[in-house]
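Shared between the two complexes below is chain A, which has chain B as its partner in the first and chain C in the second.
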Partner chain A sequence: MAIESDVLVVGGGLAGVTSAIAAAREGADVRLLAHKKSTLRQASGLIDGLGYVPPRTPQQEHADYISQQRQDFRDVRGERGDYRGPLQTPYEGIDALPDAHPYSILGADALRDGLALFDDLVGDTYLGSHTERNALVPTFGGAVKPTARYPRAVAAGLASDERPMLLVGFRSLTEFDAGMVADQLSAAGVLFDVRGVEVPFAESFPTDTKITRFVKAFDHDERIEGTPARRALAEAVEAYVDDAERVGFPAVLGDDNAAAVRADLGDCLGADVFEIPMGPPSIPGLRLEDRLFEALDAEGVRLETGVPAVGYESAGGTVESVIVDRMGSDVPYAADAVVLATGGLVGKGLDSDRDGIREPVFGCHVPHPEDRYDWFVDDAFGDQPYARFGVRPDASMRPLDADGEPAFANLFAAGAVVGGADAAREKSASGVSLATGVVAGRNAAIASRERTERAGASP
Partner chain B sequence: MAPTVVVIGGGATGTGTARDLAMRGFDVTLLERGNLTHGTTGRTHGHLHSGGRYAVSDQESAVDCIEENRILRDIAPHCIEDTGGLFVQLEGDSDEYFREKLDGCAECGIPTDVISGEEARRQEPYLTEKTKRAIRVPDGALDPFRLAVANAADAIEHGARVETHAEVVDLLTDESDVTGVRFRRQGPNYLGEGSEGDVETIEADHVVSAAGAWAGQVAAMADVDVAMAISKGAMVVTNVRQIDTVINRCLPKDEGDTIIPHETTVLLGANDEPVDDPDDYPEEQWEVDMMIDVASEMVPIVENARMIRAYWGVRPLYDPNPGETEDTGDVTRNYFILDHEERDGVAGFTSVVGGKLTTYREMAESVTDHVCDRFGVDEPCRTHEEPLPGSRDQSILEEYMDRFDLRSPVAKRSVQRLGDRAPEVLGSEDPNPVVCECEAVTRAEVRDAIEDVGPDLNAVRLRTRASMGNCQGGFCTHRLGAEVYHDHEASTARDAVDELYQERWKGQRHTLWGRQLSQAMLNHMLHATTMNHDADPGLRGDTVDFAAFDAGRKTDAATDGGSTNGD
Partner chain C sequence: MREQHRADEADRRRRTTDGGVAAETADPGQPDPVEVFPEGEFDLRPGADDCYKCTTCETSCPVAEVDESFPGPKFQGPEQWRLKRKDEIEIDPSITECSNCLRCDTSCPSGVGLAQMHNTARGEYVDNQLPTLSIKYVRNRILANYRTSARLASVFPRTANFVMNFGPVRWAMEKVLHVPSERDFPEFATQTFREWWAERGGAQVSNPDKRVAYFHGCYANYNTTEVAKAMVRVYEHFGYEILVPPQKCSGTPMFANGMLDDARRHAVTNVENLVEAIEEGADVIASCTSCSMALRNEYPELFDIDGIETVAENTFDALEYLRINEDLQGAIQDATVSGEFAEAFAYHAPCHARNQGLDRQAIELFRDLDGVQIEDVGDSCSGISGTYGWKEEKYETSMEIGAEMFEHMEAAEGTTGMTECPTCGMQMEHGTGYDVHHPLEVLEAALVE
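Up next is the complex of A and B:
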């Protein structure tokens, strides 16, 4: 039996889920296909809209001559140029973005719609929708960063809240150093007192213990050397709380029962408890992924994971089906419209070798300099061309070919596979996925409807 | 009173010379403008030569190599991995040269063993099917960082002073004779003494320049002409060990045809191109491509391997007969002691130039013999018998391997890196979590290194290998910063993080495709998006109007925990 759907979404990250649900809400019958886990397991779980307009450096004649001449990192930092921001709202910077940016192509309303859909999907597990303003959230690197939506678990840590703060790290966890983060927050000029302390916790765990092991111990309140994990931690921290009204931990405080873990700790410590998101595996990112997959289910989207799309069949400039590798055999998945949401360089939606950058499923055009030494600049945090690689879309999110024409009438793209944004420096990654996701999903549903109507009209 | 000697250069040759001089009773100060191994020693291929490579073209070097190869196995086992080596002959490669290689090895006393293509492929399954036969030689992999650090440590133990971040800016002269040095601090030394910009002088009875490729510049400070014939070479690092043996191509032209396993990686290299300025020469794309192409002729899967970075070094070659050699590849790998009194009429000054990492000890011995001669010191050299710190007591090492549980790869690697210093470094009862996962480096090792070198994470990296694996520091730079914070201000630690992150980026630029480009993007997202390190208001000195941002909905904070779902 042929596998068919109105809309087929390829990719199971934030952008794929958003476009699938946007399409489903337009009445389409939607199937979503994901090869592997998405980048949500690496992402902080914060939903950035637009936090900065970073400085652009014109693409110079570059890099035929890279040399040993080492520049002092302080000079590199000094020459980075002026960031506009942190932006008080994500919308106030959109006009200043370059023309090729997805926000410039789609307009601010696409971001509003994307965030609204997100708010609806995650319910009260996320905050931030009560205002258009960005929130400043402490990062595990010791900075604050502007973001549009944040998990409830990080809410008590906002930097615009002036209550005194205690940060707590575990001696045996190298990823997060509470003292260093606290000192750096002070250096950033936060208006509250903040102290950091490293406490011994669960030191009977082997030294190469994974973060997920701590999460599990809190989730089930496992006994660690006789004492339940939550109480053990509270006892280690108690003596340091003093006048702090909120206590922050690395984001390992449980998974399914995270709210209860925070509540228990908060009761013991007499303070609000919050988390600071960290690197992979990021627990807030994984929690969000669970949430989104539940939402897919609730919206009637069929989900299939573990299978990669490897190619397509087309006729007359229209994609007829996507070829899926199911345990070694090629199976066509027919659809009226397709959303490409395979991610960027991290998610493997973009592939490269010494000679160039490719979008591997549909072979969509990915503009990039021919010389690979022009893919980067020398400041690691500079205006990196590679960071903006991706397909170039039109205003309905159809990827364009090298001549600027839509590659296919019914193929749409969303998320990090779309180029033009400098998401990392702008702090715009999730916002771009949401904005492009709603537009691509909606338009895919419309395209599917139109095709059905046309097919119905012609005998 | 012991004569005072200043040694310029903290590479293998300089640290080895400082050690030998100190052991023979001199009052030694070593000056290095960067970290130890800042020069070529920190940028070599790390091939412990058997001499096989030079057995046809440069037999004098070949003999030195095999002799030193044997000595280093005795005095520095914790710096060596005994991989063995193969010279492989592929279909179409000259039989005649194969013969010459065998004969040359025999003439130089290099033990060989000829094996069939099948046997070579049994030993190294990724060798190309085109392998006809191979010559087995006692090559190995040499860790230049551990080696130089161990030499410096032992020099200090014998009373030497070692100054890092101390650049010699002038030689003091009386008439034309050298009487000392003037140096400028590029930063505090490893003990935290001094600060950037300080200029100091040291009077010395003798000055030895072991400044490698920079020897010409140092000599010029005393108006002495030392024409170096320096050449660059590129090396490309892959992310896994496709091979466990050093693989050389058995061909006369030998550019980019050696593959060396090092720890968790394999190094491809190196070409040989003359350059003028050891501090400023182009790092070129074709070189990277050539290393990959040449290596994949021998080991085809290298073509599609993940390359994690590329780096370049400059050979400190000296051509005694300039004009006669056409190609830097033909300049002898031999070393020279330039007695500037005899050669140039400038007393009190000697340069040691040329040579190889493998022969550093012999170079040090020769120059020390020469200085002994000058001062009538009659102490025999002992550096060929006295093991280096870390390599003294194999039994301690084995015991520790057991005690730390050999099954744990982390403990195994720490103990290998530390040698017999393991008990001292790893002895504490405090938790010792892994800081760098790619290279299995623990907190104790990192803190031990920081104690030695201060808040300089590049120097910590060289000692511990932290941040040198797949992720190129993406996952550990900030963790290393936190270890710096343990003993220093947050701002110092934060700077150290930026410095290392930028340094790691430099080498990755050359291998930005495929999985390493994905890794670079992941690192970028982690450091710029999640941490906001690019626009960190604390560093940029921005005043943030905190009140203009979302301060949360007060009612929610109060009812937090009431949520029934897990978020």
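Up next is the complex of A and C:
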């Protein structure tokens, strides 16, 4: 077989990259497969650890869950217990999580290790490592989100900072309503003055102009109607700055040259400039993806994108190879150990239809109620059982079969394919990817080394 | 005991259709499927339904990044398809602004057939809305049928090389046909690859167990014959018997210009000859990544021709095939390159290579090769996209898209370019003045005496 590696990682999101690098740092020869573009470009680019925890005991939780089923959501909403938070630190809430949560299985140190690896990979482009405390970052919905690490670009916008703030939107970028965000923040009781304003900028751009068009224009400081983009924006904002010491924009301020864009705007406006992370497509998420893929390259991880893993070959409870569909022909990629980091329901690492929920590559066991009406509750923002669907791992991140035994001796799982976390409500998505990724990657490298040693020992 | 497990084929969502052009019954023994949609129309419903508007395709589009008026792939694909369901709405002319890089198709996490949707919309636009007497139609038809012009030119290659880049001729071409005078026409080889192949007496290796059929495409036959010759020498070095079946254009420039009838005509010839080679035990190898992309992806998506799936499933890129079947990495680690190809290369992965999962193979292969340095110039599109950059009205967009690649090439240590795609190569040369080579040429220098 021509394509071989010590460790093969399936999946190119945060969990896949983390486990690939964790394995490479253990000395393994690692190959990473990424089929489609990862969900990083739909995520905020913030690195959450844990922001909120369920307020209840497991027994209460079960009673609530039963009471939420098949009821009018208006009744349910009143009964719904609010999550506790925002937490001061991600670590203080881990004890309150359900037993099947990855943090409960792995412990706080896995999250610490994951964040430490992340800090090392992103260098000074991210902040927050100076403290265990969560930072509070304003979102484009006007909420304040607790997060463990944040891009430098959002630093001046933190809600813990009490300097007066101006938020700026423009007509041709309909996704961001500065006035609404400012009102929401004020209503949430932030301790600073915040105003929102919509300025005329790039008026010649149609309202369905793609976000990437703005990014490119700022990045290269292109002329828009004759004026360089950065200056044109600064001129449009100038009159509104007044006593604001920091000015926030939707996160479209450049890509490779983002720091220069913020600096130029800041110089013109005499204030600190920051970005508010946006919904999809997320430019901070794309910037993070670029950085992580550069890190893969620097760590010597081999990389293949655009082709899916569709199955595997096994012998005696050990995965021997992953079958890759290369444009219609099945090619086995041999590996001593494999990390499954294909994502959850959104990332398509889990597949579902009316009959059930599946993990399609290895057919790993995904515990879920048989009746599909038990997969959800009517309250859209309630405790949705489906949010916690995923493979169930042991403490070394090996997915377990229906009997609670490791499905394969050398298969490990990381990221959203692992069940147990309600990442959206807990604000734990990145932390779960980092913690599970670091453990899965390390253990895959160890499993690979042990296999090689065993093969060397036997004649 | 080794067991094999494979996910269900049904997940793969590929719908073979034959919309707009004459259909052939694939298997006369099979009953006709129930027609849910009007006859001859592409069934794009599953693709449209799978789109959940995550905008991943939009962030992958190189045109939307430089042209604010381009509504992007999500519009061209699922949204336009839905819009057109009820009323007599014409295809939006912005479809002609799409460069056919197909990055949207590869990026979509939901498996929406964006390539199929773009190709279909473009075909419909050209059929129904672009007057056949318009200069644009005529020019696009000429560009799309490059093989026809190249065949003529190769009869008198020296004359053609002179005339095609002769100032007054180019001035006239720009005025009449709107072909930008900034671009240099590619040089025609004085002997085509097929002439060379015949002259050397065909295959030098005979091996019924290791057989490949070479789809050289137009460019390696008429222009960069050194790439085709390198393919032959490298494959013979590994003991392969090479077949060179009769073939026409892969169809890529035709899809890109909405000329699906032309593409289908050529596909019929290609499929017929390649199926015959496959029956003789060969796999199909292409050195141009747009050709392999067409045979593997567009063919089964767009045409219902007997054997077309067989061709798609048995086609590979030349380097990819060796990686899968030979110890290429090992061979490279033992080799050294000296002379002409002992260079530092700035490598650009063509979009159509990216779409096939080939974007990293040259980098990972050659960084282990003594005498050669290689650097990836990033994931930007070159902007030329085949015939796109050869249109006067698209020239500027093409160069704006390419700007990032030019910058990265200039920042790279090497001053020689490398890519698999002939037109990306033209753009790299045009933007930087670097010579550009194909990975097979370097592989030949490393492995063949």
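Here, the second predicted complex is superposed on the first by the 434 of 459 C-alpha atoms of A that agree within 3 Å, B and C clash if a C-alpha of one lies under 4 Å from a C-alpha of the other, contacts with A are read in each partner's own complex, and residues count from 1 in each chain.
FYI, a residue touches a chain if its C-beta (ideal position, glycine included) is under 8 Å from a C-beta of that chain, and two chains touch if they have at least 3 such contacts.
Source: prediction; values computed, not measured.
Contact-wise, after the overlay, does A:159 reach chain B, chain C, both or neither (first, second, both, neither)?
Touch status of A:159: first partner only.
According to the stated criteria, A:381 is in contact with first (chain B), second (chain C), both, or neither; which is it?
A:381: touches chain B, not chain C.
Given the touch rule stated above, what does A:42 touch, chain B (first), chain C (second), both, or neither?
both
Taking the superposition as given, does A:127 touch the first partner, chain B, the second, chain C, both, or neither?
A:127 sits against chain B, while chain C stays out of touch.
After lining up the shared chain so the two structures overlap, which partner does A:348 touch, if you call chain B first and chain C second: first, second, both or neither?
Touch partners of A:348: chain B and chain C.
Just checking: does A:227 make contact with chain B only, chain C only, both, or neither of them? Give me first, second, both or neither.
neither
Given the touch rule stated above, what does A:104 touch, chain B (first), chain C (second), both, or neither?
neither
First (chain B), second (chain C), both or neither: which does A:208 touch?
A:208 sits against chain B and chain C alike.
I'd like to check the shared interface: which positions of chain A are touched by both chain B and chain C across the two complexes?
Shared contact residues on chain A: 39, 42, 208-209, 280, 346, 348, 351.
So in the complex, the part of chain C that touches chain A is made up of which residues?
It is residues 1-8, 11-12, 54-56, 58-61, 64-72, 75, 106-110, 296-297, 300, 309, 312-316, 320, 323-329, 354-360, 364, 376, 403 of chain C that touch chain A.
Any idea which chain A residues touch chain B in the complex?
39, 42-44, 48, 51-52, 54, 64-70, 73-74, 76-77, 80, 83, 85-86, 88, 123-128, 130-131, 133-136, 139-146, 151-153, 155-156, 158-162, 171-177, 179-180, 183-185, 187-191, 200, 203, 207-209, 254-260, 262-263, 266, 272, 277-280, 282, 287, 290-291, 344-346, 348, 351-354, 371-373, 375-376, 378-381, 384, 386-387, 423-425, 427, 429
Can you name the residues of chain B that touch chain A in the complex?
279-285, 289, 292, 312, 408, 410, 430-435, 442-443, 475, 478-479, 481-483, 485, 489-491, 493-495, 498-499, 501-506, 509-510, 512-514, 517-518, 520-522, 524-540, 543-553, 556-557, 560-567
Using the touch definition from the top, list the residues of chain A that touch chain C in their complex.
Of all residues in chain A, those touching chain C are 2-3, 36-37, 39, 41-42, 202, 204-206, 208-213, 215-216, 220, 280-281, 286, 297, 302-307, 310-316, 320, 323, 325-331, 346-348, 351, 360-363.
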